[in-house]
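The same subunit A turns up in both complexes below, where it pairs with subunit B and then with subunit C.
Moving on to the complex of A and B:
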């Protein structure tokens, strides 16, 4: 422990507070960080607390709807041969229940909470891309509403939340229902990916000075890994959804075995998303648990490093489990064991976390309040669900219980016990910070016991009835099979859970109405959010904290003590700049201050971009192609206006003086480090999309003995070779242009960009000409479908590159770039190279693989 | 705030130490999966022929497993060496000491992950000793 840290007991309420900053500047800071009031604020507010609360409230709204679905399911199953709903309606209810809870409730709740609380936990002022947060929110909201609007047209999806092909294909699911499922949830998935990008950058680049990776709150570790998983999982699902939508509406044959496709491919794509999705929900919940347990056991967590590494290990291993949902599809034995072993091994990092929590509780002095009770409930239920998970990882056992109520019991123990209970603990723990009011402990305890007892009554019997052979997704069952009593008990349990949730709602309303004031730190917490007032000011920290411990409020005597140059910096940013929203960028590993940058302020355009995105999906849903075009144009225009440079509010001399004094760069046009990392993540998303397309290509290739199918000649390679060569040349010219502006040569930049654009457009044109001469169509065979979709993907990627190039040329013409500030050029360069690599790989496969066989 | 010159020799190996093990497991997992799926579907004669009681395909999986496990252990060993190099390092400058602390954390964490993932790789490959690779 550092000499300037103190070993304060968590019981003593003399925690260090953040410096509120000079009184004369506080009001100015509030004004700078305030979003517009009234209706303008509804569409242009960007503050993380506003957006976070909106996401949470919307997710809770969907939670009520999804929960209602489950009550209908349970009423129908309460007794044999019940006729409360018919088979068709029952199918719709369980499909809506699973889809809503998995896509529109748990993950958005955790994302919303992260956007709301993360800057406070990290000692930062904002998320890195507040406008992206707005886009993420509205796409989630619109996607959810689009999905639910299916009820208005009586086109509710009914194939289960997994939408297996061929049931969900064009032959067996006619009409709109499945398109609602694919497109409504697709919009929400775009929002999830956007939130993932923002969370990664916030955690890696926007921590308080001194908050090294080894001092970061465990919730941040959990969200960092989760956000990366989001990019991998949701991009894969988006591609899978695109392929299914194309099969349904545009005659492609990806999943049609009669034309070379494979229905099993859908299962692969879905579960490459679907299983990590469970951990995408579970890991943030473990982060919440790791934050709450130390506070209510009055001691630092035991095994911080082990927990952090368990989170990393879980993130990787969770992608090696997808086929354990497919054990009965006829995979080779060695492949079965690969997935079975990964499914068992993931119990190790989960077990490490459980033992670290138990050890902390064992050595601590627990405070038995509601939040802690929910954590204990979580431990009991999650361990139970985890053990049945390891059981189903054993292939022979899985074959026995596959698609039975045993599996339903297992995943509800994991998802409700392992995720929903920590979310409720989090509500009881953090809500007072953001409302300033305490929740009732008395109602909280009733809430907990009703949910805990109700949960076990509802779901434990499902293990038994599952082992007795009751399959999932049946709308009724005959009497006399021995299932009746278990189903009746389950239904009673579901209503007890519902009552518990109702009590929670009452508790929240009563707390808002007449709750006791929470004070800054009602739980004697150790992390930074408890050092600011409740509710916190809109700018978070006027003076940035300096972190020297994992438990700054317990182990530091001051939150602003450090080296003189550091102290000087953190106090200086409370006084300058006061005209724009400024935030610190720090080193990825060591939390060393690197940059002071301008966080983007209120804007209408992210909302407009969300509307435009929605139009594209609606146009596809109703076959209105002019609406798709309108949406695409609107999206393009919104993105340009969204990124339009803000006018300068100070002189370059002011910036340079601050830089000289504090040895840190100032970027009022946006952070170099943040936007560079953002572009790298964009490239990563494109790489994941390409990998998914290539996986689909090779999977289908292996399903076919002849490639291309008989009667089709392999494609000619002359034109693709010419276009690839031209593109390679354009990469060299782009490099030359970027180097030019690094040396301040604007003319060289403009010339280089123009030539790169021309060569890119030429390569695209040549390739399009080649596509017109292929001699086969998109719908004759999976071979043709893959050829056009992969080629189309490369076209779109290059088109975006051309658009970025044109935009940069426009701004370069206005003199926006110089040797000091040209991150937009660098990012365009990076994108350009990535687009060319994607192009080369795609066309090497499309034109090369047919010749290999 | 720029690093002092004394830290300029520190390279980017911490990320290799931390993520090397998990990435090698991912590679082993995906290559094994793709290779067995490919071999079982295409079923070339040479892979189905037996050698010392196991098919050539089984041997190839085992070889891949041993290579991946050795590479993962090497990452752990490299992290251990990195940790030893940082053991007695004391920085008088507080901001520079953060860099040392975070590298220690990454190296020790990397060792833990390498041990775990070399075990997972080993267990993933062992079934090739007892099971026929294709149904």
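Moving on to the complex of A and C:
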């Protein structure tokens, strides 16, 4: 807590500024970091400011659409036996409302904001994989548009945002609507995972020098945990959606109780995603709150460590609660009790955060502006919603209020109060930084009070009417039950909220048109984004800041003072390189500079990859297998071209000199650390997918008394054993090849890769042959479905490995790798081992478990 | 703002009290004679209602407490030293009091008592049936309820009839999609899942007709899938039972 500057007051703000860099280099920097012009630039721009803003704008557009859906719902429910919309249409509206908000609005808004602002908060220039950010954006945009195109074909999904089977399965939801739900949203889910990978790497590896983990802004802690949660939750949902789509269109039986499947499995898979999903939305909101409260109470946050630990604890705990959405499905009493206890316990880390915030407010002096009002609204509403949430964790009570308007009220209190209010606070707080213009305080207050009052009018009565027996998802209700007045009040409240959001829109437009200039630091903030101009230059920081405190602008007299080595490094980076986009990689724990690397510049290929991904999903949607093939080929080609090594930079000499002077590696071909971490996260995603498949396998296994089912013999194990052994051998050879290039031995690399490829292909071939001789089909029973699909997963994983191997061989032949630089080989090796582990686990289960009866 | 601290505190406290009164009126008005989970007509829903009121009391205290703390924090005179961190010893004391005391210890204690309440309520809801007692098999269809009395071969549509004061074993299943059987005055809800049978004990303590509704979205006419539980005094129930023939199917218009 040693601060060099105490008694700093707003009357004489003398917060340290970021060094804008030597004037002669600033123009060049701007040029290097600028988006290409014209429509070409539109599809190839990768820079984080551009992409972040696009994601935010698109998400807000979907927010308005999803909001209109809710107004239709409320108009229909305002009176009993109303006929504003009929049952069929109503069911579509509530499905769209839930699905759009949960998949296309909140998380993209938070991810978009992170891509835009996180580098500033961390003192860095860019996100680690700008092209991945582009891919994430376009898959989100295309996925959302694909989802909405269902309206054009009158094929809007109508089974709620949870799409329970068997209602959403092949028998009761024939045709396009549910396929739209699965596939349209599936595209967007892929984008969310991509952004998650980027965010993890940015927070772990791309912070300013000196920013240790414990000096990171709390928003970064929140996003770190959130991004990991994302990988686990969304991968699970993607696999679950895959299984449902297979059931719907390809005859599998995962969820069909008449053929060994289980409808409850869908609920498990969905809620293993669905419950963490709400914490994925809530934790970033708490990050925003932890950033804003200190600034508007003029006091550094109290209990930083506790808040960070609470965020991590919430992330872990949230994966242990999912069955509280299933208390009515006939779970055994012990399971009910365990999940009830876990669901209550998660209130403790939330309580830690709330009390840390209260303590900060207590010891500070409030600044009464709109952002702060939204935070106060959040506190009051979130605590309320959290309490009703703990109530629903009490199993017998949940038996009454589950699927009633009580629980609708609960989750709107925590999602609107607990997430949307902080998002609005974030808008009022950070928009001026990125537009350079202040928003109107007067309109802001009107916006807040309309939303706060309107929200309570809309949602408080729902508690009552839920307790009175009104279930969810009903298009109308009879008069005489006493529900009428509460529904009418709720509807009025909804329109007041709408008015508030309208005022917000007006405020934003007026501000961009003729708002007062914001200046660098209109709020006297403590974090790094307030040290750059508003709006900031596209390269972020010319001279990187050196961090020595959690609150750099409040506690450091200068942003570029530190060890002489660091000082000379950050000033040197401002001068060189100016031919390519350079960013710094720092150590995960200690924030010490490790690498100066070239961040990817504009490229058309992420956009192309996104289009190709879309084609795959569209092909599946309309049963056009040639389109799927086209999309797959297109995706392959785009990925290869995306990762094509950049042309040499012709700065070899300067790179070596920089390395000698500053003792960090310079990688003009891309960062090794970032690439390696990216590969590890890819492996993690594959592992999560495998875990989801295995969970499904064992769940279905336990639901069946005979395994294999009557009339089916356990599978023969000779061929699988042979292929597994061959594959293990190839692992050894791969390792030999990787070690070879570490010593600069090109021949060893190429020979080893080739042999590993051959062995891998052989193993794959043998196993596929065994699959053609299994004696049962994919659609006769869930046993068969699981066998073929899990096996197929292992095949695809190995196939990708073979593809990577071939690519690496191609580039090795062109001399791309040497003893100093061979990250592509290392990553392929890592992937290879992971693919083999997945293979062994999968086939051990498939061939072994049937014998374990 | 600073000069009006006291007035603000008083005003805000009054507002809170008024809100509480309003809330109570709201809620109490809901539980007069209208069908409601808070208008229990069975031991099971009575246990749940008691649990609810206990949690309501606890929850109100917590929410009011936090809100009052927030208002006090906002309107008290803060220190004049802005933008500076608290001195270490004061920071530790503050963290211990607020974060550990208020954020960890207090919720833990409350949650422990809540868990005890929950387990108590769970165990007090009857789940054992009398051997030889009445069994009803309720099967969900899109969008109606089929109630079969297997011992008598009687089938009812959108209605079940039970004798008052006796535990009835209800076996739930479905022929198509997942439904949920919910009669708030008598019990919590249980799902009807195809391929499974869920069993619960239904026992009503007062005669009457109780409205229920499907509570798991089951397709287009989910909102119309209502059921009535007719609870009869024992003699009337036996009379009715005997008067039904094997093929009688009753329906409520």
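The rule is simple: the second predicted complex is superposed on the first by the 840 of 853 C-alpha atoms of A that agree within 3 Å, B and C clash if a C-alpha of one lies under 4 Å from a C-alpha of the other, contacts with A are read in each partner's own complex, and residues count from 1 in each chain.
Definition applied: a contact is a pair of C-beta atoms (placed from the backbone, for glycine too) under 8 Å apart; a residue touches a chain by one contact, two chains touch by 3 or more.
Note that the structure is a prediction, hence the values are computed from the model and not measured.
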Given the superposition on subunit A, are subunit B and subunit C in a clash or a fit?
-> fit
Please indicate which partner A:566 is in contact with in the superposed arrangement: first for subunit B, second for subunit C, both, or neither.
-> first
Could you let me know whether more residues of subunit A are touched by subunit B or by subunit C?
-> C
Could you tell me if A:337 is touching subunit B, subunit C, both of them or neither one (first, second, both, neither)?
-> both
Classify the contacts of A:345 with the two partner chains as first (subunit B alone), second (subunit C alone), both, or neither.
-> both
Once the structures are superposed on A, label A:833 by its partner contacts, choosing first (subunit B), second (subunit C), both or neither.
-> neither
Counting only touches as set out at the top, which of subunit B and subunit C does A:411 meet: first, second, both, neither?
-> neither
Of the partners subunit B and subunit C, which touch A:526 in the superposed model: first, second, both, neither?
-> second
Pick one for A:593: touches subunit B only (first), subunit C only (second), both, or neither.
-> first
Touched partner set for A:680, first subunit B, second subunit C, both or neither | neither
Superposition-derived angle with apex at the Cα centre of subunit A and sides reaching subunit B and subunit C, degrees in steps of 10 = 70
Which of subunit B and subunit C A:400 touches, first, second, both or neither = second
For the overlay built on chain A, what is the smallest gap between any CA atom of subunit B and any CA atom of subunit C, in Å?
-> 8
Using the superposition on A, tell me which residues of subunit A are in contact with subunit B and, in the other complex, with subunit C.
-> 306, 330, 333, 337, 341, 345, 348
Write out the stretch or stretches of subunit C touching subunit A in their complex.
-> 1, 26-27, 30, 34-38, 44-45, 47-48, 51-52, 55-56, 59, 62-63, 66-67, 69-70, 72-74, 76, 78-79, 81-88, 91, 94-95, 97-100, 102-104, 106-108, 111, 114-115, 117-119, 121-122, 125, 142, 176-178, 180, 182, 184-185, 187-191, 193-196, 198, 211, 213-223
Residues on subunit A engaged by subunit B in the complex (per definition of touch) | 210, 212-214, 305-306, 308-309, 312-313, 316-317, 319-320, 330-335, 337-338, 341-342, 345, 348-349, 562-563, 565-566, 569, 587, 589-594, 662-664, 698, 702
Would you mind writing out the residues of subunit B in touch with subunit A in their complex?
-> 1-3, 14, 18-19, 22-23, 25-26, 29, 32-34, 36-38, 40-42, 58, 61, 93-95, 98-99, 101-106, 108-109, 112-113, 116-117, 119-120, 123-124, 127-128, 131-135
Where on subunit A is subunit C touching in the complex?
-> 1, 3, 6-10, 87-88, 91, 159-160, 164, 166-167, 171-172, 257-258, 262-264, 297-300, 302-303, 306, 310, 328-330, 333, 336-337, 340-341, 344-345, 347-348, 351-356, 358-359, 361-366, 368, 376, 379-380, 383-384, 387-388, 390-391, 393-404, 460-461, 464-465, 467-469, 471-477, 481-482, 524, 526, 551, 554-555
